[in-house]
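I've put the structures underneath this note.
Below are two complexes that have subunit A in common, paired first with subunit B and then with subunit C.
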Partner chain A sequence: MKLRKKPLSAGVLTLALAVTLAACGGGAHGGGAANGAYDKNATVNIGSLYEPQNLDNTAGGGQGVTEALNGNVYEGLFRLTDAGKVEKLLAQDYKVSGDGLTYTFTLRDGVTFHSGKKLTSQDVKYSLEKVLAKDSQSARKADLEVVKDIATPDAKTVRVTLSKKSVSFVYNLSYVWVINSQAKELKTTEDGTGPYKLNKWTRGSALSLDRFAGYWGDAAKNKQVVFHYYKDATALNNALLTNGVDVVTSEQSPDALDQFKSQRNYKVNDGNSTTKLLLAFNDKAKPFTDVKVRQAVSAAIDDKKLLDSVWGGYGKLIGSMVPPTDPWYEDLTKVNAYDVDKAKKLLAEAGYAKGFSFTLDTPNYDPHPTVATFIKSQLAKVGITVEINTITPDQWYTKVYKNHDFTATLQEHVNDRDLVWYGNPDFYWGYDDKQVQNWIEQAERASTTDEQTELLKKANRKTAEDAASDWLYLYPQIVVANSKLSGYPVNGLNSQFFAYNIEKR
Partner chain B sequence: MTRYLVRRLVFLLVSLALASIVLFVLLRMLPGDPANALTSVGASPEQIAAARHSIGSDRPLPQQFAHWIGQLAGGDLGTSFVSSLPVGPEVAQRLNVTVPLTLSAFVLAVLIAVPAGFLAAYKRHTWYGALLNGVSQLGIAVPVFWLGMILIAVFALNAGWLPSGGFPQDGWDAPGDAISSLVLPVVTVALVMSASLIRYVRSAALDVLGSEYLRTARALGSSFGRAMWRHGLRNAAVPVISVLGIELASTLLGAVVVESVYALPGLGSLLATGIAQHDYPVIQGVLFVSTLAVLLIGFAADLVQRIVDPRLRGRLSGGGVR
Partner chain C sequence: MKRRSPTLWTGAVLAGLVVLLALVSLVWLPYDPADTSGGRLAGPGDGHLLGTDKLGRDLFTQLMTGSRIALEAGLGSVLIAALIGVTLGVLAAYAQGWFDDTLSALLDILIAFPTLLLAMLIVAARSATLGSAILAIGLAQSAVVARLTRILVKRVLAQDYITAARTSGTSWPRITAGHVLPNIWPTLVVNLALQFGLAVLAEAGLSYLGLGAPPPNASWGRMLQEAQATFTTAPAGALAPGVLLVLLVIGVNLIADGLRDVLDPTTRRGRAAA
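The block that comes next holds the complex of A and B.
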């Protein structure tokens, strides 16, 4: 029996210190073939492993609430598309003052909440204050604390003053749901402006959304979507095979994919996730204080072979903390690439010609134990002995994350734009480089996204050259769908799953 | 009889009180901090402290215990740490799945096991008697999840007759869907349960078949059927009932496995989620309700035994049930 593991990735590491407004990426594009007429009144059944804890994303709703409600039920002033681009949504337009400290947003006309109330600037102010509130558990709270003042000169205008420049402010607003300021019981009900309204949430089982007739934009291309929640991946795949669900938002193991690939009725989409698997060194613990040792370990591990054995052809090699959907991505897989001879040479230079031994704190759930065994056998070839110490997510959080009491560990980091953690010397991996910290700080204070992108590229290259961590691979984002479906998102950026463009034949 | 009932009820309440103490203490002895599940990376010590404070896990244990017992006395199971929604309605909703599942499986298991067990005893020298016995032995060794996977593969994936899992969102308001989604889980549990029941029924039946009172009844001119009905069944029922009570209780608690295989939103899956998230109020709530159910089942089994067997009526705890 395989119960759903407690995903540290989803539970603990969901916070990213996001930095900027995206400048790259095309329009939103969906998976699946689009031909022939679709059923405008179809019900789309979506299978997922991530049930919301509650329906409030400032009260610990978790990954599931983003998946089900973001963009579907709630909308922000801006939207982050599946390709990583930031678009205007409830904001008709906005202006930034010359000093970069004042943002003036004009709201779109004719927007009503599901309750029937018209959207006004008061609602936007309320929603932003809700994220910033003392008891808010929003993952974006820290990023938005640059907000100094929110003014509402008229019903259509919101003016936000920042305490210091923040080029990511607009990007961060794509995470802020605009909620009716008079709404109550937000943990179990909703009042948003999105193309769907909540029909019913049956905890432990399903959440259904109905097309909202009063939507300001283009109506959803289906009448109803139902998110069905599963704890067990096998049960979820069985549901897809028996038409219990039409699409699975995120496959977590390659084992089941063959049964879908071999059938014409299903499409397996290999998208870009933002989840990176890291061999994270404690850069403040010997011997990983030495750059050469970190480079040697990185060069001694054949990432491609590892990725193939874990994901069987899916996923990507990255060579840095930055996934392809971040605007400052560049291919750095050549830096500290697999080269056993070079690894041996580097070890000799660092004074470890005969190798050394270290303990690898390994979370007890997939894929970490498998990966740890692989690393152990790879490093044995250059004379390094790995002691595998298996720990629970809770122990990881206390021992590694809080107390920094480790030499090296394995961990998945799920967020987009999370390179910025290398600019914080107190983060658990203890990477401390003044120049990188400067670049990352300056990037956030940049005036344009181009400037920001340039600075973050520099920071990324430096961390990669320093082998601050060993970025083993980027997880694939695999959406499997019945071939009757098209128009679904394939990258699952920020765990969103926009359902309104899904066409069912 | 009244005196017996009163004493038995007192016994039940005392057991429940003891169980709630054990439950509370054991949970608090688990390693880990529930606040970890609530805070995200980058959380400052102040934020973690605030999370602890908001769920009350920073208060002294006796105070937390008193708080919980106080809530229980008012019929309130508390509020989940993780979802911050009340636990009581959640448990009640899950019972809508787990109770029908367990009871139907139990009835089906009895319907299979009693005739089969009796046949295995009565016809023990024939090939099918031996076969029944062998199959039931094999059945005991079969894990629930494995049988579940086989049934899903055959009846859902290949034949497409029944859903492979899940429960309709409208629950029992969609009775057709609700029933069809419970067919396979019920059969799975019933088959596994009946395998061990057959063995108890068979051995009880063997005792009866070899007994002197049955021979005497037959010698006095009673037909075999009549003798079995009047004397055999009653005597055989006593040990079987106590086993039935235990089986029913363990099925209720073991529902976590079958609910996981069939993706059913029942009590077991709620418990599994609660444990994974260190959500003490949820775990306590589920275990408290299960404990109550187990005690009630034991009580009921006891009572039935006393009705069936007058010899037990002078004793407090009945024929060896707890």
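The block that comes next holds the complex of A and C.
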């Protein structure tokens, strides 16, 4: 997991299942109106709060590195479309053996790196090994550890052998950047195959990308992209108002949006994110060992009112860990829905008719303190007393994530397809259900994605019914842009922001 | 104290307003602090004097309970700073040679640390409660008080009448109580009043960073932080705690200035604000 506003230390990122969803593969889903001719030589100024720590996504570059470089500068064998489907990118074709253990990829012809070198199978091997290396901090490392052997029979062919079946393998490859095997200094420079090459990175202020003339595919629809980095949202919004930037990748507060909504020069796009806010119980700590208590707490909290309070009408309710863009999504908002009477009844059945009291470990940054305050006042109505204990992100990592020393906590989980954590009884929330673990394990060993989807739906329904956690709401993804712009990703899920289809008039 | 100081009176009135608010909040509040029925970011008026916050809680109610936290933070920190600071300062003043040097060096190091940073370290090591914040701010400030005390005491000890008292056989404790403390307290009180204002600001700063009194306690610092994102749509949420914070700190600073005018025999007229 990854924190949205204040990324945890690199250590967490290593452990994290930081799955970022490639948004908006084609221009068809891009935001903004498209009419009239656009300027092919335009410079697009993008405003963001997430400056990369470095430019290497296996060295803890943070979410900013994904936002700026994924798909723009670096490409993988595959990419993920807006609908969450995997699409071939640098892989021309691939075959899977009957036992599902051997994948043979054929590379696309005529792909060159920004340095001028031709793409070969050696580069793919190197890139995959880089993610799997001992010192790699890649969020994908754990998922790709099924890779047993990488062979390169010829310059165009890569053959990967897995130690066990992994239906998500191709999907996971969409997060592996293909890098020139001879490239050096990847923390400050790059050598990818994407439609842009790095022009200049001025630390603390901006990162500019120039259209790459030797790109194998359709050239980018603008000449230059500059990511401008801001420390706070107000300054960022002011930059948009004064034309300092053309688009803001991700707005974090609904209240700044009125100033844009009231003007025709701007477009506010309300897209889907994969970030879920969780009231995570420690399922191994009393009283949350009791399913009824967890169900009661879930039913006692009015999620709708909370979402409206924090996001003022944006965002969605979810009844489980699965966001609508995951293939195994089901609307489970009716499971353990808001019902104070039912909550009281469940509490009485569990032997807590008079309520109880527990400590809620609350990260000290938005929106957690507000949410904790809301939960405290809601649970007071069913007799439960909440002690709010505010902690820093570092403390959260040590106390909650590593030591499991908590009763309940609040946390944002930004990744897509992260239901799988409920199949790990050693994960911080300690949900331990043999059937769910089997389903999740079988799903990964499935032969088809349909089979995988079916199994994960079952697992998801069970965790929802068990109230393994209380999924409070799904964040909105809000992109605000100047109306001169079109073709930008509106579902820029998590952190990706493909810039090559942006047209500026 | 026959001289009247308009500064002192202005300060007393400003700070008095906040004290009054805090006292009233002990017996009466317009709404239950946990009452979220007000609607999201309602404007001033319509049953809510200053409007409501994101969760629909009454702002004026929070402001009133927040004044208690501000005063507690100020008083608590200054009390700790005075106790530890004066004791250490007097000890350091009497100390000779290496002990004096070591103590002063330690104090200098402590002072070189920004108060807020030191407080953040202490709060991070313990848990984020009002108590931790007060302790942290008090400790940081005690270094400042100790250094001032040490200098003041040393100056008094160099006087002839101390030598006279010593030669006549008066013990050090008696000299401290009878001669030293009465001579240094006016300056100390003025300094402590200034520290009070700084402590209030430091607590607001810690709460702003999410390291002060935990929610749902309405510290002004947290109120500012929560209202920051909604400043353009609901400015009252940020303005109200901001204005009160300024009133209290200015009030206390004016009191400090006024006290200096009144207590310090060497200055005739008021000086520029500190």
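Operating definition for what follows: the second predicted complex is superposed on the first by the 477 of 505 C-alpha atoms of A that agree within 3 Å, B and C clash if a C-alpha of one lies under 4 Å from a C-alpha of the other, contacts with A are read in each partner's own complex, and residues count from 1 in each chain.
Assume contacts are C-beta pairs under 8 Å (C-beta built on N, C-alpha and C of every residue); 3 or more make two chains touch, one makes a residue touch a chain.
These figures come from a predicted structure and were not determined experimentally.
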Comparison of subunit B and subunit C by subunit A residues contacted: B
Contacts for A:Asn265 in the overlay, against subunit B (first) and subunit C (second): which applies, first, second, both or neither? neither
May I ask you to decide whether A:Pro369 touches subunit B, subunit C, both, or neither, giving the answer as first, second, both or neither? second
Have a look at where A:Ala256 lands relative to subunit B and subunit C in the superposition and call it first, second, both or neither. second
Check whether A:Leu241 is in contact with subunit B, with subunit C, with both or with neither, and answer first, second, both or neither. first
Could you look at A:Thr392 and tell me whether it touches subunit B, subunit C, both or neither (first, second, both, neither)? both
Between subunit B and subunit C, whom does A:Ser309 touch in the aligned arrangement: first, second, both, or neither? second
After superposition on chain A, the subunit A residues reached by both subunit B and subunit C are 234, 392, 394-395
Touching subunit A in the complex, subunit C uses residues 34-36, 40-41, 54-56, 124, 127-128, 209-211, 214-216, 222, 225-226, 228-234
Flag every residue of subunit A that touches subunit C in the complex, lowest number first. 233-234, 252-253, 255-256, 258-259, 305, 308-310, 312, 362, 364-366, 369-370, 372-374, 376-377, 380, 388-392, 394-395
Subunit A residues touching subunit B - in the complex, by the definition given at the top: 1, 3-6, 11-15, 17, 53-54, 59-60, 135, 137, 139, 142, 187-188, 200, 202-206, 208, 226, 228, 230-232, 234-236, 238-239, 241-242, 244, 392, 394-395, 397-398, 401
Complex contact set, residues of subunit B against subunit A: 31-33, 36-43, 50, 54, 82-85, 90, 93-94, 145, 149, 152, 156-157, 160, 163-167, 169-171, 257, 260-263, 265, 269-270, 272-273, 276-278
